[in-house]
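Chain naming follows the written order as A, B and C, and within any one chain the residues start at number 1.
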Amino acid sequence: MSAMQPTAPLRRAFSREERNYLLRQRLKSVAAHAVLIIFGIAFMLPFVWMISSSMKPNVDIFELPVRLIPKTLRLENYIDATNAIPFWQYLWNSTYYTIFATIGAVLSNTFIAYGFSRVRWRGRNVVFIIVIATMMLPFQVRMIPLYILFARLGWLNTFLPLIVPNFFGNAFYIFLMRQFMMTLPRELDDAARIDGASEWGIFWRIAVPLSKPAILTVAIFEIIHTWHDFIGPLVYLRHPTKYTLSIGLRLYFTQYGAEWGLLMAAAAMFTIPMVIFFFFAQRSFIEGITLTGLKG
Amino acid sequence: MSENGKLNSKQISRRDMLKMLGGSAAGLSLAKVAGLGGSAAVLMRGMPAGAQSKVEIWTGFGQGRMADAMTGAIDQFAAENPDFAPEHIIVPWGEITDRVIAATAAGSPPDVHRGWSGTVGNAAIGALTNLQPYVDAQNVDLMDFWPATLNQMKYQGDVHAMSISTIVQFLYYNKDRMREVGLDPDSPPTTIAELDEQGAALNEIGDDGEILRLGFSPTVPGLQVWDWGAAFGSQYWDEAEGNIAIDEEAMIALFEWYKSYADEFGAENLQAYASTYGGNNFGRNTPQGIYYTGLITFWVLGSWSYNDMGEYGPDVDFDVIPVPQLESADDSAPGTSNGNMYLVPANCANPDGGFAFANFMSSSPYVAINKALPDSVMPSRSSLANLPEVDEKEGGWTILARDEILPNSLQRPSFGGNGFFGRALEEGAENVMFHGADPAEVLADAVARSRREVERLRG
Amino acid sequence: MFRRKRDPASQPNSWRTDNLPGWGLFFIAPWVFGFIAFTVYPFFASLYFSFTNFNIINFTPRWVGLDNYVELFTYDPLFWISIGNSIKYAALLLVAATIFDIFIAYLLSLNVKFLSIYRTIFFFPVLVPVVAASLTWIWILNPRFGLMNGLLDLIGIKGPNWLASPDTAMYSLIFIAVWGSGRSVIVYLSGFNDIPSQLYEAADIDGASGLQKFRRITLPLLTPQIFFNVVTLIIFSLQSFSEVYIMTGGGPANSTLLYAVNLYNRAFHDFAMGYASALAWIMFLLILGLTLLIFKFLSGRVIYER
């Protein structure tokens, strides 16, 4: 990168080729910005439309020509939306589900990944291949028997079928954390062992603190996943007091489909926690996704 | 987990459950460690000895005047039956049947739930409690029910549901719109030909074919295959044969009629109209609904929509008549009749309470006057349908429904697999309208597939 | 450039060999339990159910042999419709998303200013919950009052019916899925950033054109990311359910009836659990076959830099 190079003598005139090259670079950059801005606006429009509609009074919703900026603002839509459905109850259910699913995912996968990366044992690689293979198994194959299993355990209409499996590891997260833990210097383990640390001690005092980025990544992925989850609650939560926002919002739509203002207000309130979360954890987000694309 | 624990161990012992038991114990203890004891505790439904027994009721009456009427009926039940403590749980209409079956499979169904004639078909997979023993023991006068509704309450000869009220279909029409285009609001269409003709005079079409206002289309608010099929002279079920049977000629005529509308407006314009204003029956419980804003003039819906008009479109001058019928058809009927039912799921905790509530809803004059009539549906017992309050109902819809439409309507199917059959017919009709499929072929296919489904459900 | 340490497992003698085997099993014990309860058991149970007429209410499934499979292949029209729809959806989405995501990632990799803002924007749709996004799209694509046709109207185009027409519903869904594919953009971007700039400089000296550089340098060195994204995209798109279930429910006229939607309807509307299990198994074999095929086809071509 040019910034790293020693500064070139400024006064020397650029040769023609150099000037052309710089011009080309410049044009390329302008063109790139132009395209990115166009696509960027297009990408944000749905969200802008959501917010815009959420503030329109119902009469303005069905109005032509279509307006992006509301003629009159009606912020009461947000209050009405929380009254039209048990919004706070659903919000709490979504939060509850997210918190416990994430705790489960973080605890179990860190633990399991350690067993697949820092501890060596016969057959480890074979078992790890089985872990990877389970990723190929579609959710739909497991859905029906698991439904019956949880039904017979009396777990339907509770969050248990959604949360408990998280405490037993997830192939994708195990893979992710194993890849990360493999890169930690093993000298640390050895040093700790010489000091008489047990395997548990090494896990707890060395592997866990050093794996923070990966742990954070798993947490972030799981938070997004559970907050968005639709089919899990759809299948298992059949009692209206247990609905998460995902289910509650869709049901509101099927019952009061024409009230777009309220619906968009509810959708916005459902989205905003994720946006806030993203701005706090932005760096880890991007790093985490980059991590998943690592050459395995 | 007192009750559920018992239930589960009984079911688990049946098949390959050893593995699961281990899993459940470990899973549960782990869940408790993780602080999830709270949600597990939700399952416990402790019942102190000697107290009232809880009756869990699921309906879709969430908000508004219908919900208030339901609450009133439940309070009345509690007052008349001190042994039972009713608990009302609201489930979205569109999912109530699926959710009850899923909860039944899970061993935690409600004790009674609202449904329709079609829901009785769930008896085919063993999802319902047979109510015949209760009916016999309590000498319920079944002959008081409308014959068609009584038929719908039965599955293989035994009562499996108690009907509170019976829905008939109306053709609703907007008199203001008719006046605007110079039609006589006092002679609305009574035949399919008149409906086509008057509807065409009311359409308002934009330059590019866009439908600005609709006179009539059989696609709005839905295809309503059962009702239009009846109006064209078809039946759906052969009692003697115990299987699906349609009048092929009538149904082909119906599908061609559907197609004529797709051709007339252009399929894409009909789709645009539906997509633009769709959502919950075209906004029927919002003032923006197409019915209250003059966006449609003629439409067919159940009588239950009658009182919506007063609530959401108080300024619209509208009226109702029986569904127009095909003149040339021999056995045509003004749509179908559909019993609103209360059903008791199989293996529920309190079937006695469930039946008590269902029976109360179907036999109480209080309910007939304060619940059925405000919902603009006819009580299913003729004794209740002939109370003075029924005749006095303003607008005269009650007399029209009871004396003219109900006796002539076709009974809506309630056999096991009726939902599948209805979907297959609608898919077929869409294929005819939008993909130019051959009506005879799609009908034969829909019937053949649905018969298989009926057989599958029989086991 | 920051380099992670090499995988210790690949370095000889770097590990103690006298580890107690018990510790490994200790740590993976939760997985073993979860594997048996939530994978092995459902795997064989669904295989068993697929040979029965199980309907979840009566707990006495009758063995029907291959009936479900015979029905599905020789009779059920929805099976073939849904399989065709799913393949169409996955294939078109794969092509559209891959081209678009690589293009955007390429632009982002040009050392543009405000990179983090752009990156946030393209990642943003991932943050919108599926249900919220789906409902918003239904409203955007409303033929008369929606934003999309409103904008098209401004430039004098009469927009189509999008989700409401059997001709355009599938393409609308693919369009929306591409909008939501920001995760892949970030992965491709990391791939672009990993390509050493010396390679381009060397190519410049040789007088290579932009297209040549892209074909000879960029594309080959991007294969690990392409491989990763293609495999995950295929697996996910063949299992797609939520968006489609919410936005179209499989309609109009079954034009968006994806395999997973049909399966859900059969299992949880008709409660034909045995039949739905057979459907699930066909899906499993299809995904397995496709994944193996891609592995075979692509893995030989993936170029790892180091």
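Points to keep in mind about this one:
Just so it is clear, a contact is a pair of C-beta atoms (placed from the backbone, for glycine too) under 8 Å apart; a residue touches a chain by one contact, two chains touch by 3 or more.
Quantities reported herein were computed from a predicted structural model and do not represent experimental measurements.
Any chain bridging chain A and chain B, meaning touching each of them, is among C; the list is complete.
Between B-C and A-C, more C-beta contact pairs are found at A-C. One simple way to say how far apart two chains are is to compare their mean CA positions; for chain B and chain C this gives 38 Å. Averaging Cα coordinates per chain places chain A and chain C 15 Å apart.
Residue numbers of chain C whose C-beta contacts span two or more other chains: 33, 37, 41, 45, 56, 144-145, 268. In chain A, the residues touching two or more other chains are 61-62, 148-149, 151, 167, 253. Of all residues in chain B, those that touch two or more other chains are 11, 20, 23, 27, 102, 105.
On the side of chain B, the complex with chain C involves touching residues 11, 14-16, 19-20, 23, 26-27, 98, 101-102, 104-105, 125-127, 208, 210, 267-268, 271-272, 274-276, 346, 419-420, 427, 430-431, 434-435, 445, 449, 452-453, 456-457, 459. Residues 58, 61-62, 100, 103-104, 148-154, 156-160, 163-164, 167, 238-241, 251, 253-259 of chain A are the ones touching chain B in the complex.
Those residues of chain B that touch chain A in the complex are listed here as 1, 4-5, 7-8, 11-12, 17, 20, 23-24, 27-28, 30-31, 34-36, 39-40, 42-43, 62, 89-95, 99, 102-103, 105-108, 277-280, 282-283, 285-286, 288-289. Residue ranges of chain A in contact with chain C, taken from their complex: 1, 28-29, 32-33, 35-36, 39-40, 43-47, 49-50, 53, 61-66, 68, 108, 111-112, 114-116, 119-122, 124, 127, 130-131, 134-149, 151, 165, 167-169, 174, 182-186, 190, 193, 199, 203, 224, 227-228, 230-231, 235, 245-247, 249-250, 253, 260, 263-264, 267-268, 270-271, 274-275, 278, 282, 285-286, 289-290, 292-293, 295-296.
Residues 33, 36-37, 41, 45, 53, 55-59, 62, 71, 75-77, 142-145, 158, 160-167, 251-254, 268-272, 275 of chain C touch chain B in their complex.
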